[in-house]
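Take a look at the structures listed below.
Okay, so subunit A shows up in both of these, paired with subunit B first and subunit C after.
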Partner chain A sequence: MTRPDAIVIGAGHNGLVCAAYLARAGLDVLVLEANDAAGGMAAARPLGDGYRVPGLPQCVAPLGRAIRSELELERHGYAPGRPVETIVLDPGSAHLAIGQDRVAGDGLAQADAAAWPGFRRQYLAFAEALRPLIENPPPRLKNLPRGDRMTFAKLGWKLRVGLGREAMYEFLRVVGMNIYDVLNDTFDDERLKAAIAIDAVLGSAMGPRTPGTVLTWLQRLYGELDGAATIHSGNRLVEALTRAVEAAGGRLRCSAPVARILVEDGKASGVQLEDGETIGSGLVVSNVDPRRTFASLVGAPRLDTLFANRVTQIRGKGVVAKLHLALDGLPEFRGLGAAALGNRLLVAPSMRDIERAFNHCKYGECSPEPVLEITLPSIHDPSLAPDGHHVLSVSAAFMPYDLDGGWEAGREAAARAVLARLAQFAPGLEARIVAREFLSPADIEAGYGAVQGHWHHGELSLHQSFMLRPLYGAARYATPVDGLFLCGAGCHPGGGLTGLPGRNAARRILDTGGRP
Partner chain B sequence: MSGRDYDAIVIGAGHNGLTNAAFLAKAGLRVLVVEKNEYIGGATVSRELYDGWKYSNCSYVCSLFRPEIYNALDLGRHGLKVVPLTASMTFTQDGDYFGSYSEPNVRRRELMRHSPRDADAAVRFDADVMRWCRLIRGFLLRTPPDPGSLKPRDIFEFAYLLKKFHELSETQICEFIRFFTMSIAEYLENYFENETILAHYSGGSIIGTGLGVYSPGTAYVLLHHAMGDVDGNVGAWGFARGGMGAVSGAIASSFRALGSEIRTGADVEQILVAGRRATGVRLASGEEIRSGIVVSNLDARRTFTRIMDADDVPPALLERARKFKIRGSSGKLNIALDGMPTFPALPGGSPLTLGHMHFTDTLRRLERAYDDWKDDRWSADPYCDFLVPSQYDPTLAPPGKHMATVFVQYCPVEPEGGWTDEKRAAFGQTVIDQVAEYSPDFRDLILHAEIRTPRELEDEVGLTEGNIFQGELTFDQLLFNRPFPGYAQYRGPVRGMYMCGSSTHPGGGVMGAPGANAAREILRDLRRPDTTPAEYPDD
Partner chain C sequence: MNIAREHFRQPLGRTPFHERMVALTTSEHWATWNGYKVPRIVDKLSIEYFAVRSGCAVMDLTPMEKYRIEGRDARAYLDRLVVRDLAKLRPGRVTYVAWCNDEGKLIDDGTLFQLDESRYRLCSQHHQLDWLLMSARGFDVGITVETHDVAALAVQGPTSYSVLSEAGIACLGDLKPFDVTRSDCAGIPLTVSRTGYTGDLGYELWMEPGDAEAVWDAIFAVRGRYDVHAMGLNALEMVRIEAGFVMPGFDFNTAEATVRNDHDRSPYEVGLGWVVNLDKGHFCGRKALAAEKARPPRRRLTKLVVDGNRPVGEAFVYAGRNGKQVGEVRCTTWSPILKANLALADIEFINGKLPEPLWARFDYQRELKWHTAWAECHAQSKPFYVPAHRSLTPPARY
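And now, the complex of A and B:
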């Protein structure tokens, strides 16, 4: 095997995006993946006999326009799916449907219906103003290079001129707030507020009242600037990215778990696989959770003590479990027609309920009344299930990684709690179940290598954002180890299915010629 | 009456209103302070509600008050004496305690007793917090820049801000951002491991704030309580001799010495405006008092929604005033005691009874107390800051007797179904029971207890929802966002109208800085010489 110019550890979507950019720039890139297929959390996984489910993401915005065109993803078979609405399920069947420009449902106040499109547009404009910060490596805070000065200048321009003075004041007022207060100031309808709040907190150990949740919502909205959210089905995106890597001459090797990143004289010199094989390269890019990259793959002894200590301070505790069901037919949800089942369904009656569900996870308990995000991806991609059959996917919050008594003992009870909650809205569901799978945060950690089962490889809190993500000293993709870079969700601008960390990392690597 | 009765009218005789008025008077203005209550001080008062006892029944310790203002208004000569507090402590549920002494060697020995590792960490922690204190103090007596303005002054002020940060290394800037945005619990966990020590040092960060120890942004509040000076000791706490009323009394005395007046029992109904200019105030009695300058010491929500005509306030500002985060989260008990309660967990003669005493020894208990408040209940196991100031100050209680003050976090603005006398008593009982668990004779020593919920704070003092800081001290409401972006330079929406309360930068606490800063802006607009002090050079 020839010595590659660059090794990318982990074929998650950010690893693939980064590898594709590097390969297109002429580097000989080798992507190493621990699992037997590429895609990481976004990859489809088998369930029972003849079913597949689409990994962890359920309802996400398409990849950004820049990545789609720069990597020619359409040519490789990628197409953003069909936009869906969000339906908040109501115990009394007064469901609420929320689309980009409309919201409708029984008992919805006219004022709320009228306010929603403008509110969303305003926050999309706020998200747009953050573009220079999100689509560039986080700027340094002192001795700024020219590029970073441009980032700040563009940000200032977008805020002051792009938004205009009054909107900028409003942006400054809300950007540090919690979503709870902003929504209570704007809307009356509990269902509508709960649905927006879910977008701000799902995947994070945060409740609607946690300060900083307006920013997490803006980060999610950011994705929707380039296209409405769709139901993730797992295949297309990963296949297109894999093809993009291979078409540019990159290589992908699955079932090749990396045990160590080799460091010689403070420089990365390659990797060692778990079976002992070593592969040399002066450029190693890790898509693995930064905590695992530094603590396990590099090892604290090879790092500066202060830096190693900071690595231990990175926060990111997974609080969302996943339930996958294989069904022998389309389930029935009370008060919801079959045509509506292709949408994203939420079980979250009010922001207060979300906050209460969140309270439990602070103390190592599962919420007795979990908050659910439900999709039926087989409606969008029939290949996931045999004819007439379906798969149902549920993200359930809040279920903490550090469950009291451990997940071995607690798994069944947690799964039952989710099923019981589902049964309140889909009474006949249980009879249709052919196979089921429950992934606790501990299972997510084991299956995807994400430390503590956190989707985003680290909390998206303010103190771990921008130039502090994942930590000071490695926030600009380069690390203290010469030739070792990060490219995963643990980096700026963070998690979700955006590919932006991978793209930003590739740009930094190419700009610096592989030097920090 | 036509013409002007006064050069300036200040609405509200709280400590910031008085400070503001004093600096205006010092510049030669004829100033009138109008106060709705029959007594002055706002939330900085000593009241004799039980014969022979004086209660500081709102604010109760004095550490933030700016020494620059103390000197500039000569408050020492006007009778203000601050006695430093020497300790703080937390009782543990297993019958032990953790004491934080001001004497460094004793403090270290006590830390060692609980965790040798934490004793070392405390050295780093103290140095880091001190660094942030020094940084922040440089901004207290300055007017925040307006990010929407391109005036030279605002650009200069931003440059000053950047320069201050530029004096730090890039690592330190990052550490400061972390400090500014983290939760107190997570921030302390970077230093300490011992549960009791973590809980002890977290407590100060939730006082007065509708946030929990795990809520982002609470680490900064720690600073807000730690940056005070008493006699030049940064971070020290102190009692005003005679209770907190002595602070407002001294400022009022300094102000009166300059020949100005205070009218109590004068409730302002509206700020009068003509031709986009403030022209005076109208009292509830119907009397109108004319002045070209009107300064409101009321909180920002109350100022714009209650005492200004909606037609005089731009709609966007009115909207922001309604959305201003100002939530009550604290209660208070003032207790007359027949003698000094004993605490069996403490060794005899321990100096720890002289300081802050706490009864919450884990972060979980602190966080659960917050969960209760979020659900509009008072905490079943609240965080209490228990003090017996009469140990220092014989003026507060008759000889041999004592006065205790208990600050309680959390207490809801409105429990389900609203406050009733029974509920208030039950709230008080929860607090008394918690103290009694550690002091068996406490209950029997109680002669009288005044129980205060956010409701009483709002009704008596006029603090909206009973928020002690006139608006949450969260990072979205600080600096040029306090009270709202675009209005952080003390000026109101019409000419001649100003704000000087804790709703404005740098926020709450008995600090006096908002009052002084507002005075500086007013004098600037009048082209009068600035009588307010600049921050004093760092030690």
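And now, the complex of A and C:
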């Protein structure tokens, strides 16, 4: 095999995005994937006999306009799915449906219904104001290059002129706050508040009262600037990105787990696969969790002492488990018509319930009343299940990576807790189960290489965001090892199916000619 | 519960040589070193100074920080820790090392002894356990503090070889500078290295604390035939400046104890560039040091001979008399053997060069009245005092 100009480790969506940009710039790119298919957490995975489920993401905004057009993803078969609403399930069947511009349900106060569209618009405007920061490599704070000055200038403009004086004050007031206080100031309806709070905390080891949860919500809302959230089916996105890489001349090699990043004289010189094969390249881009990239693939001995120790202090403990069910037919949810099942369903009665569920995971316990996000992706992509059959996908929080007694012992009880919670709303569900799969955070770590099973390769907390993500010394995609770059969710702007870390990384690599 | 709670009555530790030191001291001039009570001056400074330079001086080194580093990865660990190339270090040898943080700023310096294939001893001025443990991530290496478990004695001066041989320590004649070997003193096992901080011929003896007094007594038993004196920290300060040795924490701020930006120093900036080997492979701070080396030098800790015989003490240094202030004196001494006024000064370079001429402005007191004076300073590149007898093997017998 010819020596590639660049090796991208990990064919998750950020790795593919980065590889596509590099390949389009004329580099000979080789993407190495440990699993037998590309896509990482976003890839569909087989379940039972003849079923597939769409990996970890469930309800996500489409890729941003910039990536879609720059990589010509539509030409490669990408199409954003149908927008869906969020339905908060109520034990008494007083379900609440939340759309972009409307909220409706039994018992909803008129004031809340009236306040929702304006509130959402305001926070979308806040997210828009953060766009220059999110869509560019995080700027340096000292000795700014010209591009960084532009980022700050645009950010300042968007905050001061884009938002206007009043809104900017409001933004500065809330941006460091917790979502619990902000929502209690604004709404009365527990179901509505819980639904927003879920978006702020799901995937993080945070409860609604954790400081910084307004920011995490803004990061989620940012995705919706370029299109409403849809149900992820795991196929189209990954296939389109793969084609984009290959159309630009990039190569993809699956079942090729990387054991080490080779470093010679302080410079990346290639990778060694687990079977011993070495592939040389002076440019190595890691889509792997930064903690694993540095601690295992590079190794602390080849890093400087303080940096190697900071790596171990990156916070990011997975607290969400995944339950996949193959069903012999469409399940029935009490008080919900079949037509509504294509939406995103939430089991989270109130913010207090979410906070209480979070409390358990702080002490190594699974919540006995987990918070659930439920989708039926086969409604949107019938190819996932045989005719008339369906797959149901559940993200269940809070289930800690470091469960007392370990996940081997605790897995079945946790799965039962989720099923019992589901049964409160869909009593006949269990009888329809053909196959099931439960992924604890430990399974997510083992299957996707995400340290401690954290979706975002590190908590999206303020102290690990922007120019501090993933850590001081590697926050601008370059690392202390010359020729080694990061491009994954562990980098700015963080996790989610945005492709932005991959795009920003590629820009940095190309801008600098591969030098840090 | 019965816990010994009397330790607070003796806040300063006593080394195993303490009783012997007490018996000898006339000045009762004590200092704290690393939590131990040690003499600043035992009897008379001039006697102690001249014992090092023309006789034999004995100094209690026990408070010096000592670490045992051992295990499968011990060599790889040390290679990553220190800025020096260790390729030539082998069992029975000692080398001078320094280590830096990620930014290439000095944390400390010390001597590294290779005791056998996978066992080392690192001696340093300051407590380093936290840094050594942080550096151990990813290595199979054991790190043990042995400061309080090993008694150490420096025996220094032109007649130290004769004194120790007379005291019954065999095979010293073959010991080259920076050699270390197992030996014994009248049946007491000990480790001897030909090392020191005085710039003179000298040895360091390492032994079990329980054997300390017997070894001391064997050495002092040759008094009468040889001039042997116990020495304190003040004489050491004089001779180490003459020898051009730097003192971390005094001549420069150690990096991990520095708060203010740019107040720490790199090896290049304190004249330890010769220790740094950028080609030896990865070590902590290498990238930063390579970048620094590619730039013109910003400053150097510079050896100065100051005109006149008044000790300059604390002083600013200027580029020319009444010129621009370019530096500060870090330490200073009158050298009796060179009849010269010596100083180490931290000097900012101008356009990558040492400014000339250099003048020190200093204040001094005469009968309580303060005066200001100027003295021209002459920069030296070599250590002030390097006697030929220091490196002879075998050393001269007296």
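What we mean here is this: the second predicted complex is superposed on the first by the 516 of 516 C-alpha atoms of A that agree within 3 Å, B and C clash if a C-alpha of one lies under 4 Å from a C-alpha of the other, contacts with A are read in each partner's own complex, and residues count from 1 in each chain.
In this section, a residue touches a chain if its C-beta (ideal position, glycine included) is under 8 Å from a C-beta of that chain, and two chains touch if they have at least 3 such contacts.
All values reported here derive from a predicted model rather than from experimental measurement.
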Subunit C versus subunit B on the shared subunit A, clash or fit after superposition: fit
Partner chain in contact with A:R209 - subunit B first, subunit C second, else both or neither: first
Subunit B versus subunit C as contact partner of A:V263, first or second or both or neither: second
Touched partner set for A:A25, first subunit B, second subunit C, both or neither: neither
First, second, both or neither for A:F307, with subunit B first and subunit C second: second
First (subunit B), second (subunit C), both or neither touched by A:G299: second
Contact breadth on subunit A, by residue count: subunit C or subunit B: B
Subunit C, subunit A and subunit B - angle at the middle CA centre, rounded to the nearest 10 degrees: 60
First, second, both or neither for A:P480, with subunit B first and subunit C second: second
Superposed arrangement (fit on chain A Cα atoms) - minimum subunit B/subunit C Cα distance in Å: 6
Contacts on subunit A seen with subunit B and repeated with subunit C across the two complexes: none
In the complex with subunit C, residue positions of subunit A that touch it: 263, 265-266, 295, 299-302, 304-309, 312, 473, 480
Complex contact set, residues of subunit A against subunit B: 140-143, 160, 165-166, 168-170, 172-177, 181, 185, 209-212, 313, 315, 352, 355-356, 359, 362-363, 461-463, 467-468, 472
Residues on subunit C engaged by subunit A in the complex (per definition of touch): 76-77, 80-81, 101-102, 131, 134-135, 137-139, 281-282, 284-287
Partner subunit A, residues of subunit B touching it in the complex: 147-148, 165-166, 169-171, 173-175, 177-178, 181-182, 186, 190, 211, 214-217, 316, 320, 322-323, 325, 364, 367-368, 371, 374-375, 474-476, 480-481, 484-486
